[in-house]
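Quick heads-up: structures coming right below.
Next, two complexes with chain A in common: one pairs it with chain B, the other with chain C.
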Partner chain A sequence: MAVKIFIATDQLDSVLEKLATKIDLWIPALLKEDKSGPTGFIPYEPGKSPVFERQTTLPTKKLLLPQVETLLRFEYKKDPEGGSTSSIVVDDARQVRPTLVFGARSCDVRALITMDRVFSQGPYVDPYYVERRKNTFFATLVCEQNDSKCFCSSVGGGPADMEGSHLKIVKLDEGYVVEALTKEAGSLLEGLGEAVDKAKDTKAGKIVKEASKRIVGDLDTKGCAEAFRNRFAQNDFWVQMVSQCLSCGVCTYVCPTCYCFTITDETQNLKGERMRSWDSCMFSQYTLEASGHNPRPTKLERYRNRVGHKFSYIPEKYEGILGCCGCGRCIRSCPVTIDIRQVVGNLKENSNEQ
Partner chain B sequence: MLETDRNQLHKLVEEALPELDMVIGWGQSTDSFQTTPVFVRDAKQISQLTLGPFCSQNLTGYLVKPPALDAAPKEGAKPIGICVKGCDSRSLVALIQEKFLTRERVRIFGIPCRGTVDWNKVGKLVDLSNVKSATVEEDVLVVDDSQTTHRIKLEEVLARKCYGCRYPNPLIQDVTIGEPATPRSTSIESSYRDVDRLDAKPLEERLDFWQSELDRCIRCYACRNACPLCVCQDKCIIESREPRWLTQRVGIPEKFLFHFIHAMHLAGRCTGCGECERACPMDIPVTLIKEKLNKIMEERLGYSAGLDVEAVPPLLTFNPGDTEI
Partner chain C sequence: MKNPFLPEKIKILEVIPETSIDYTYVLALDKEVKPGQFFQLSVPGAGEAPISVSDFEDGKLCVTIRKVGRLTNALFALGPGDFLFARGPYGNGFDYRDFAGADLKVIAGGTGLAPVKKLIKTFAGSDSVSSLEVLLGFKTPEDILYGDEVRAWVQSGVATLTVDKADDNWEGNRGLITGYLKNLDLSDRARCKCIVVGPPIMIKFVTAELLLLKVAEDNIWVSLERKMSCGIGKCGHCKIGDAYVCLEGPVFKFSEARRLLD
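Let's look at the complex of A and B:
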């Protein structure tokens, strides 16, 4: 029997406060004192109310892949006897604590299926990611707020998709029904909230059923990998699709699935840190080679790579999964309103024309 | 009125297109209310062109940012047509002043502007997630979210820059579409109200303000790339890896440094088009930093960028006999 609790709306803060004593707790919240302003995930603090009414501006990505992280610290030590010889002391800076994200959405969690394939299922296993992934739990809202930019159902997800989630949250008018989906998550709920009565359980069941039936988005991604290959060298197509691109990094930074990173050593005197930070295929430095040659010199090649990576290279490499979770954030945040659905949708039309 | 203006724009573009390489203008995006830049090369595309308070993007950056266009014209190359509002025309003037373009290279479709809509402000009044349509009726924005029809005064939801706008009518153009607009501001004082309001606060408060605002920055560089005068492009000091001037870290000091480098590189060049602020996904008032610099330029040097093609920007020249500095 799965553990299931009810949290009345006015009890939410006290329940979260108790939960925060068991585990590091993150919630979706306003990043500016403005109810329609930008939102993102922040560590819970008593009195801070979660924003469940709309999707966050920034996804949960940074919890698993921080924008900047120290991979290791190093220090050169000179040998007083040995003249020019020196040794290097390396210190792994990892510190991972169990964390619960309370109020993620299925699109955010769906993105992890792609990330997991890249970081944890070989051939190269990323210990930093793997350890954080093992220690991060997701309490996911059954989503009722999809808007005109959402298309989760088109990329294999859906508003009630719980794949990869540990707890399910259903919002009722009077509060929240929270159900553990794993044994470990069940223990987190111990001693919290109230029992769920029959009426509430039925109501929650109905909401989940309706959300499961809802089809969000009408992008047809079937055959897009092949269609992309056919379009690859059609310069006119890319000029037509993305001439308005500014080559900024918004779409990649708000994307829950974009995982590209760069590694740099930042050193002062004899001490330094090796850091990993988000990179963006929209930036020229991303593919700049040591010779000075850049195989993707303009935004056309860069945007083409973004589409190809998500809808062709990833599905071909990883058994059909897409590099897109359909959250629509790139569409909402683009300063020139580029819609990736339009580009992907057009890949197929007359794809062999030229 | 909008309908008449749009028809006039279509007619003028249709007449001019055979002599032009392309016309850059605004068109409907996949969204029911946001516009997206369109590059009209074919007469069939002309019907996509639109104008009015939704046309927020400043398109002049495309003239100098490849590869949509060839900035260095080949022998016999046709001019490029571009639609500009008052503020956009100032960026064009600045680009010509700095010799990124020649005046002959562009055919300018000037559009007197009554202000552009800031959708973040509309979002405070209407839930934008389910908007079915948005239209403008005279000075009212009509938003239909399938349940209710909201009627909002345009004056309440304009971009911040519009309230201090002294130049709603293009300063440089070949043709004008529609009637001239009345400036909302006619003085330095009323153009820099937001700067004065912040300047009136004690230093600590100002520091707190900028720290909390810039803390949200995700270093996506949308502000930089949307700026028509950020002309260094892929050679930007912020990203240069050899030498590496700035760390990859994302603490407030690094964000501060980025935004102040951006602003300082625009000192005496920024025309206040507000693209940096509009492009910001995190709602940071980044144009305000440049407005402060613009105010200093006006007060100390009597110079305002992008007004006169012949003028020499004071920071792009020097006088060896100057005793004031």
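Let's look at the complex of A and C:
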């Protein structure tokens, strides 16, 4: 039988404290003192309360793909073979520790389908990502806090979708029922919390059942890949969709499925590091070549590419699974209220008339 | 786990100036390479960039580099005996088998000659193609790469050379490369295969003209240039539609390339 425990609300902090002795623990928390301010995932510290009441402003992405990370270290040294040469060493600090994210949501975990395809598959695998991925576990909340920007059900997910999660968290009025979904995760729960009595189990079951039935979002994505192709050359359509865009790139930074990065060298005197950091296809320099040629010179091409990538190119290549997890963060964070649901919805509207 | 981001240290054997801003570096790099493939070259501290292989033979590999950015400036400070770093080769490159028995036409503009130089050399003296015609275009006579080899190809009748602009001392052809396409012998359309490499604008007009001359889309190959960071299908920069240029390209059949939405 699956390992299942109950954590009373007033016991949560002590349980998390114990859990943190077994594994590196990350929780959703306020990033500033302001109670209504931005939230994101931070390493657990005793006394820090997790914020389960709303989806985090920032996704879990950085746990697997840090915003900035060192790929290699190098140091210039006089080479015995002569010449003005350097020696270069790999960064062996690539020590990944087992990590548990306590309080992820199904949209965050669903985004990993896209991330895994990029970093773990293909002719080359990314060792930095793959090692983190193997060592990162997700305790996922059955989500009851979807808001008007969420649309996980429209893109193949759902508020109770546990695919890819290791633990399931159901919030009751009096506490949390946590269930292990894998054997390994079960051992994390050993000695924690209390047994789940029948009444609580029934209550949790009911919450899961209701969440499973709930449809979040009403975007119809059927046929969007083909609709995108039909719309591709209709500049009027894209001008209208993107006219207010500031090319700020926030949609890509808060997006759990956006994975683009750039590689740069940073040096100080004779030592340096080769870094990778998040990049954004919304920036004009993203495709700017050394020759000065830019294949996507305006925001029209760039935004069109972003929509196409998630709703046409990825699903056409990978059996219809979209490159969007429906978390709604790009909509919530956009300073000029661009709504990707509206753009995707409009792809199919009267596409032949324009 | 093997780390594909880790470059190898490579010795520079020779540096050959081609023009005032293009230099060929002969590197001690012994790897199985196909023409059209590229390496991620780096100078630690200055960064990495994708650079096409222009030639290779007997454990030596040549790359032709134009001084246009931070990395290439750092490269230009290096000379014989110095080291740089490389990982690769990456990309699909040209498959010689695609051109067996063909009337092959190679149309190269500017630095676009680099990725097809080895291919031209290989086919020029070989009977694996039925015939070879090369059309080369440069901006001015001062921009001509691989001067000695190009002159030899022109003299032997393999290549036609034109420059966009020149002063009165230039006795050769003038005008854009597109103006010379009609001189190509395209009499056997079924056997005719064309390779087009060069700046995007040149590829656009040359392929359009070839289609007008009734060359089939499936018989035209292009090599695409994109900004790249990783070279291994991760970072996203070179992606056109669903294709990573670094993995599935940079060489594409035109029939595939035109399907890619950008």
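Here, the second predicted complex is superposed on the first by the 337 of 354 C-alpha atoms of A that agree within 3 Å, B and C clash if a C-alpha of one lies under 4 Å from a C-alpha of the other, contacts with A are read in each partner's own complex, and residues count from 1 in each chain.
Everything below uses one rule, namely that a contact is a pair of C-beta atoms (placed from the backbone, for glycine too) under 8 Å apart; a residue touches a chain by one contact, two chains touch by 3 or more.
Here the structure is a predicted model, which means the values were calculated and not measured.
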Chain B versus chain C as contact partner of A:Cys260, first or second or both or neither: second
Chain B versus chain C as contact partner of A:Lys35, first or second or both or neither: first
A:Leu246 touches, of chain B and chain C: first, second, both or neither? first
First, second, both or neither for A:Tyr124, with chain B first and chain C second: second
Partner chain in contact with A:Phe283 - chain B first, chain C second, else both or neither: first
Contacts of A:Ile314 with chain B and chain C, given as first, second, both or neither: second
Chain B versus chain C as contact partner of A:Arg341, first or second or both or neither: first
Shared contact residues on chain A - chain B and chain C: 262, 264, 288
Interface residues, chain B side, partner chain A - complex: 29-32, 34-39, 57, 61-62, 65-68, 120, 123-124, 128-131, 213, 216, 218-222, 224-226, 233-234, 239, 241, 244, 247-250, 275, 278-279, 281-283
Chain B contact footprint on chain A (complex, rising order): 31-32, 34-38, 54, 57-58, 67-68, 145, 147-149, 239, 243-244, 246-250, 252-254, 262, 264, 266, 275, 277, 280, 283-285, 288, 298-300, 331, 333, 335-339, 341-342
List of chain C residues in touch with chain A within their complex: 1-7, 9, 42, 44-49, 66, 68-69, 72, 78, 81-83, 85, 199-200, 225-227, 229-230, 232-237, 239-242, 247, 261-262
Partner chain C, residues of chain A touching it in the complex: 71-72, 74, 76, 79, 82-88, 90, 118-119, 122-127, 130-131, 229, 232, 259-265, 267, 272, 274, 276, 279, 281, 286-291, 293, 295-296, 301, 305, 308-309, 313-314, 316-317
